[in-house]
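The chains carry the letters A, B, C and D, assigned in the order they are written, with residues numbered from 1 in each.
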Amino acid sequence: MRTPSLAQTLILSSLVLTACGGGGESSAPPPGGGPGAGPGGPSTEAPANGGSGASSPAAGPKAWSDSAGTATLSGSASLAGDVPAPIQVAMDSDPKCVEMNSGGATDGSVLVDASGGLQNVFVYVSKGTDAWTFTVPEEPVILDQTGCNYTPRVVGMMTGQALRVQNSDPTVHNVHTYPKKNRASNVSQPAGSKPLEIEMKRSEVLVAVKCDMHSWMQARVGIVDNPFFAVTAADGSFTLPKLAAGEYTVSAVHEVFGKASKQTITIGDGEAQSISFEFSK
Amino acid sequence: MSMLKAILPSLAFLRSRWLGCPLALMLTSTWALAQDKRWGPGEAASDYGYRFHDLFWLITILVSVAFALVVLLLAIPVLRDRERPGHRASFDHGKSLHDKRLTAVISIVTFIILDAWVLVIAMQDLREAYWAIPDAEDPQTYRVEVLAQQWAWNFRAPGVDGEFGTADDIITINELVVPKDRPVSFNMTSKDVIHALFLPEMRMKRDVNPGSINKTWFRPITAGDFTILCAELCGFAHYQMSGKLRVLEQGLFNEWEAEASKLASTAFDADDTEAQWAWDWEE
Amino acid sequence: MTSDHIHPEPTTFLKKHVFSVDHKVIAKQFLWFGLVWLGIGGIMAMMLRWQLANPGVPVPLFGKLLFPRTSGVIDPASYNTLFTMHGTIMIFLGLTPAMIGALGNWSIPLMIGARDMIFPTLNMLSFWTMVMGGAVGFYSLFVPLGATEAGWTGYPTLSTTVGAVGQGETLWAIAVFLIGASSIMGGINYITTVIRLRCPGMHWMRLPLTVWGLFLTSILNVLFIPVIGSAMIILVLDRVFGTTFYVPASIMSGGTGGDPILYQHLFWIFGHPEVYILILPAWGVVCDLLSFFARKPAFGYRASVGAMVAVTVLSAVVYGHHMFTTGLSAMLGESFMLLTMIISVPAEVLFFNWLHTLWKGNLRLTTPMLFAMSVIFVFGLGGLTGIYLATIGTDIFLHDTYFVVGHFHLTMAASALFGTFAAVYFWFPKMFGRMMSERLGKLHFWLSFVPLVIVFCIMFISGYAGMPRRYYDHTSTEYLRPLQHLNVATSVAAFLLGAAQLIFVYNFIKSRWWGEPAPQNPWEVGTLDWTTETPVPHYNFKTIPVVQCGPHEFSNPVLGPDTDWIYQTEKLPG
Amino acid sequence: MRGISWQGLAVSLGALGLLTSLQTSDDENPHARAPRGVSLVVTAGSWLRAPSADWFAKQAKSEPSRFTHDATAAGGVGGWVDSRGEYSLSEVEGEWAYWQWVSPERLTAGRRDFVQFCSSCHGLDGDGYGRSAQHLRPTPRSFQQNKFKFTKVIADLPSDEALMTLIKRGLAGTPMLPWDLSDVQLLDIIQYIKSLSPEESGWRDVYSQVGDPVEVGEDPWADIKERAIARGREVYHGAASCHLCHPGYVTNEQLRVLRKDPEGTVYREDLTYPALKDSEYEVLGRATKVMPPDFTWHQLRAGITTADLFQTIASGIKGTAMPQWKGAIPDEDLWALAHYVEDLIVSYKDQPAVRGAFMKGLRASGDN
């Protein structure tokens, strides 16, 4: 280490001098110093609701009460064509996962039963609920990571509801959401961590949740503005109980096959109807 | 008035620190920055680098002699033939045959000594070294594709399979690793503006033009870390377009290449066609 | 054409001093214009040197005024603008008007015994076109999205919208085009005037060499400025109308494309002769002044003329040496190397003649003489270092380093500038009717000459050490950091050089209005310009003179012991 | 003769005026760009039209959510959301959203500087695909995507200061250089960049949060570096399992010990190499992949001091597989990881011989 020369001392001092001389770079406060946005500024707008059309009619929506829901819509989703063979998943990157799936693991994205019923289709009412406002359930929707897989693979929740992701595995995961309209997040969750709460403030159907450490791990979350959604069971069936009488557009989405064609139904009080969605490869 | 206000701070500077400050600043700040001063380009690290050195100093000697003569011939009249009472210039239009011959002879002799000599050596250098671009087919030749951009050097080497446009191509930015004692051959082009690949320690420089492929080469003979600079104005961050050239001993290089190739194929995304930019090497 | 039809002298201020068609007024206009721009370009150079010596330190005194957004620091874009405009201004707006515009307009009609230029209106138009070019160039500094920053060479694709989105670059091209148009107008005028308006007896071999230099320069101007004009037009087309002459297909996502190298060819076909455009008048002046102040005939007049003609011819075929690293084919490269070397032969002839002119002379070391002799020194230094750059073997390393900067500043900038100074000091008494201070003139000379040589010689060292030019900050690269001391030394010398010019400014302005009144022929020189009264009357010569002898009949024994010179209008005794 | 010359003068002046007027028209949106593949003819015109304050005023009227209109402000027209602005305005869902008024002059200046300095890579409209961005991996940031890798903040968006620090430091090993621009210029550019956010995203999303860089605080291992490195190695291969994506710098044998796995456990193939990962960063609508760095080989982008590494690990790298670790594991373990990674870099990076021997040692041992 040399001792600082006179020259270096001079530089230092000159730098300080110049630094002092170079002030005044901060942005000027707005004239008047007060709030800057006026009418028409986005601040005064209500947070916009994307997608499924929640804009209010002139009459104004009324609060939903469960007693109004007397109709039931049920149905099924199916996949046309052959039943695809299950794809084996190699989990060798993490021996803990191998251990938990000693029987071998298959990719869970396409699950079709013998009769063609397609599991894990997210079915929801995409139009027709404008007349009501719904209270967001306070209890969160649970997405568990167990056996190096998400359980359930597809979940639905209401806009503003919390998604609680928990790690029941003895290994580390990271919870990486891939929303388009909401805030993305990617947080790691080592074994034994406390659950994560993820919020989605805008409706968005099928947000992917992935674990980058275990590339096969995927889940989907459907976020809608109303409580009328369901995920098809192993045989492809679903039920939307407690619908009020009215006309609805019902949509169905699958993580691999995308959207099935929408269906519009008219249902009366106490009625039970059935519709079916067909997906193709 | 506003003009005056704008000027006033500058004037305050003048009052407070007067002349001493800028001068002191100028003299000191950067002297100290340059801790180890350099007066030349340093040792040449390529096999043809010595040619620059030899030719440069040959020209320097010739030019120094010539210039010394000019100064001498300028100084003698100034000292000897100044105007003074009773002194008169000699009357000479230089029209005589003798003068004409003298002019011709001196010019031609100067040309031969100063220029022709250098010219002959330079042509030799060009043919033997600078423009003797090695055969790309030769397995000894280490080939590198250069894709210059504002403001970075993208390098692509073929990797262990020796073929461009494959998964194991070694792609680096601002960093080039080459083997010692093997000719390194460049095919270069640019994405946007003209750049020039300048390897000062290798005494190598060649423009990198958009729209056409330029070739050049060198053979490193010293292992170590060297400099890559841009020598053609390429925009306002031109001065920052530098990189590192690393020359490795042959054995170490082979290891490095294998590892780099393996890492490259790990990082290769076959679907991402936009990321692939290799081209055919034409002779 | 030597008609005696003379318009009456204009009386209004506008006609007399602004839109005058009198070559003398236009010469003065060009001189003031050129000197102001030389000043602006010089200040830009000082700022460049400041930044290089103190990267990132605010420019003192006026920095905050010029660069308010960076509180006085020159940012990289401004730095590029500065060196681009420094080059453009010094060449096109400083030396061209001061050397060719002012000197040519002043000396050609007076030295050949004419009453005015042959196309006086064209002459005026030439000046005002240049003013317009200057105005456009100056305006380009203030346009949105930035002034030009592609270097004075303006290589595409950096100068197309690919590299420079701002309007500054377009305006720069237009400015260069306008200045070029001005030079062509001047050139046509000079050529025709020299051919048609020589007074009786002034045959070609009796022309002062200054006129020869200006004549040959004008030929180059007329031949090669159109080339850069077209290059600029194409550039503007590419920039504004979306053509792709200079933009290769590969960088514009399809379509048919052009080639940026095309521009380099066009530019240097002009660019290399431009060097000689600037230097030929200086050579002419040096040839004459050496003879005038050595009181000795210019040695080898015919050889000098021949050499200048040879340079004029050869200058057109050596331009390739600017493109050795561009990717020229080996055959072209070697040819250009050879041709470039050959152009040194006429230069050697000139050197030989100059030195021989001084030999056994009777030297009057006046300020113009000192500047003329310094041209031999700086051009010698610059010309000889040209060998390094003409030789591809060394050029590969030295290309685009400070070596080149030092070289071309010595050859075309310093030589032409010192030639201009020599001319200004020499003709000032005739031009303004007053003498310039010799004492200040000599001070100015020594304080310019020594720092100038130091500045550019250090650049040779920097270049040899591998310092690339047009770098905003050499300390940002490890390899170049140890060269910073050279930058500092260069800058110190450059500031001295800059400061020395204040002496000239003071001397010029003081002498212009308060100087000692000049006699008709203070230098005792025989060319026609000194035969008229001081100040030169309207239409120069009451009667067209008749030339009886050459311009350099100094110390001719037939003149007798009492005098060593004779007017060109006089007949040599015996 | 004189008359003709005057006419010539007039014509040239007129032509000059025409040329300049062609360039200074502000009527059209300077962001308008022809679709890729169309020749330069269409694009050149719009490139040259620089926006003025007037242009922004017009934009503010047509795109009210991008630029707020404030009649009380002197300029009449101003900026957009910046949640860190000092001038608070509205309360949305219990969270304060802030608005900062930015004058059109600053926006104009910012845009000029953006076009001049940034657009060659980031594109004229900030889509991250300028001319020089072709074939470039990793891709330059798209300001329409509003994800930033190395700003070292936990929240969605970096503060002005964080962005400024990043731009000034540059990203090592990429064409993102350390820019020598003044604070004023950088702040103006940053304000302009914010305005490039699509509606309801990035800075124009009321739900977005702007955070400061992760606080560095005190290094708990400052005096016991050796222990920090040992602990870091444990965490790296154990609790954090960094080796799932980054290379493991141990043999299988050592890994078993570190992870307390039973004898015979098999780990991923190529344990000593990184594994390619998906990212959210798109080029021309297609997501690219990102390679987690091998610390002994690749150049790290955002600094290699312990503090830098701590910040990067804690905040994660947005848009990539690297998650946020802050909160997931204790801070002292984060510090230990930083020390360990720093040690890897110092010991092996840029030393091919040493690194080669080290890696060979790992791979040669037994059952790898």
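In the analysis below, a contact is a pair of C-beta atoms (placed from the backbone, for glycine too) under 8 Å apart; a residue touches a chain by one contact, two chains touch by 3 or more.
These numbers were taken from a predicted model, which means no experiment stands behind them.
Student: Work out the mean Cα position per chain and let me know which chain is farthest from chain A.
Tutor: Measuring from the centre of chain A, the most distant chain centre belongs to C.
Student: Counting C-beta pairs in contact, which chain pair ranks first?
Tutor: Top-ranked chain pair by contact count is B-C.
Student: Where the CA atoms of chain A average out and where those of chain C average out, how many Å apart are those spots?
Tutor: Between these chains, centre-to-centre, one finds 72 Å.
Student: Indicate the whole-number Å distance between the mean C-alpha point of chain B and the mean C-alpha point of chain C.
Tutor: Taking the mean C-alpha position of each chain, the two centres sit 28 Å apart.
Student: For chain B versus chain D, what separation do you get between their C-alpha means, in angstrom?
Tutor: Inter-chain centre distance comes to 34 Å.
Student: Would you kindly tell me how far, in whole Å, the mean C-alpha position of chain B lies from that of chain A?
Tutor: The computed centroid separation for chain A versus chain B comes out at 57 Å.
Student: Name the residues of chain B that each touch 2 or more other chains.
Tutor: 13, 21, 25, 29, 31, 33, 150, 191-192, 235-237, 240
Student: Note the residues in chain D that touch 2 or more other chains, in rising order.
Tutor: 116-117, 120, 131, 182, 184, 275
Student: Which positions in chain C are in touch with at least two other chains?
Tutor: 57, 71, 73, 76-77, 162-163, 247, 251, 472-473
Student: Once bound in the complex, which stretches of chain C touch chain D?
Tutor: Counting only chain C, the residues touching chain D are 56, 69-71, 73, 75-77, 121-122, 125, 128-129, 132, 136, 143-146, 161-163, 165-167, 170-171, 174, 178, 181, 236, 238-244, 247, 251-255, 472-473.
Student: In the complex, go through chain B and note every residue touching chain D.
Tutor: So the residues of chain B in touch with chain D come to 147, 149-152, 154, 171, 173-175, 191-192, 235-237, 240, 246, 248, 252, 255-256, 259, 262-263, 266-269, 271-272, 274-277.
Student: For chain B, which residues count as touching chain C in their complex?
Tutor: 6-7, 9-10, 13-14, 21-22, 25-27, 29-31, 33-42, 51-52, 55-56, 59, 62-63, 66-67, 70-71, 73-74, 76-78, 81-83, 87-95, 99-100, 102-103, 106-108, 110-111, 114-116, 118-119, 121-123, 125-127, 130-131, 150, 189-194, 196, 198, 200, 203-207, 209-212, 214, 227, 229-240, 242
Student: Under the stated contact criterion, what part of chain A meets chain D in this complex?
Tutor: Against chain D, chain A makes touches at 25, 27-38, 40-45, 47-48, 50, 92-95, 98, 171-172, 174-176, 178, 181-191, 193, 201-202, 210, 212-215.
Student: Given the complex with chain B, which residues does chain D contribute to the contact?
Tutor: 116-117, 120-121, 131-132, 134-137, 173-175, 177-179, 270, 273-276, 283-284, 286, 288-289, 291, 294, 297, 299, 352-353, 356, 359
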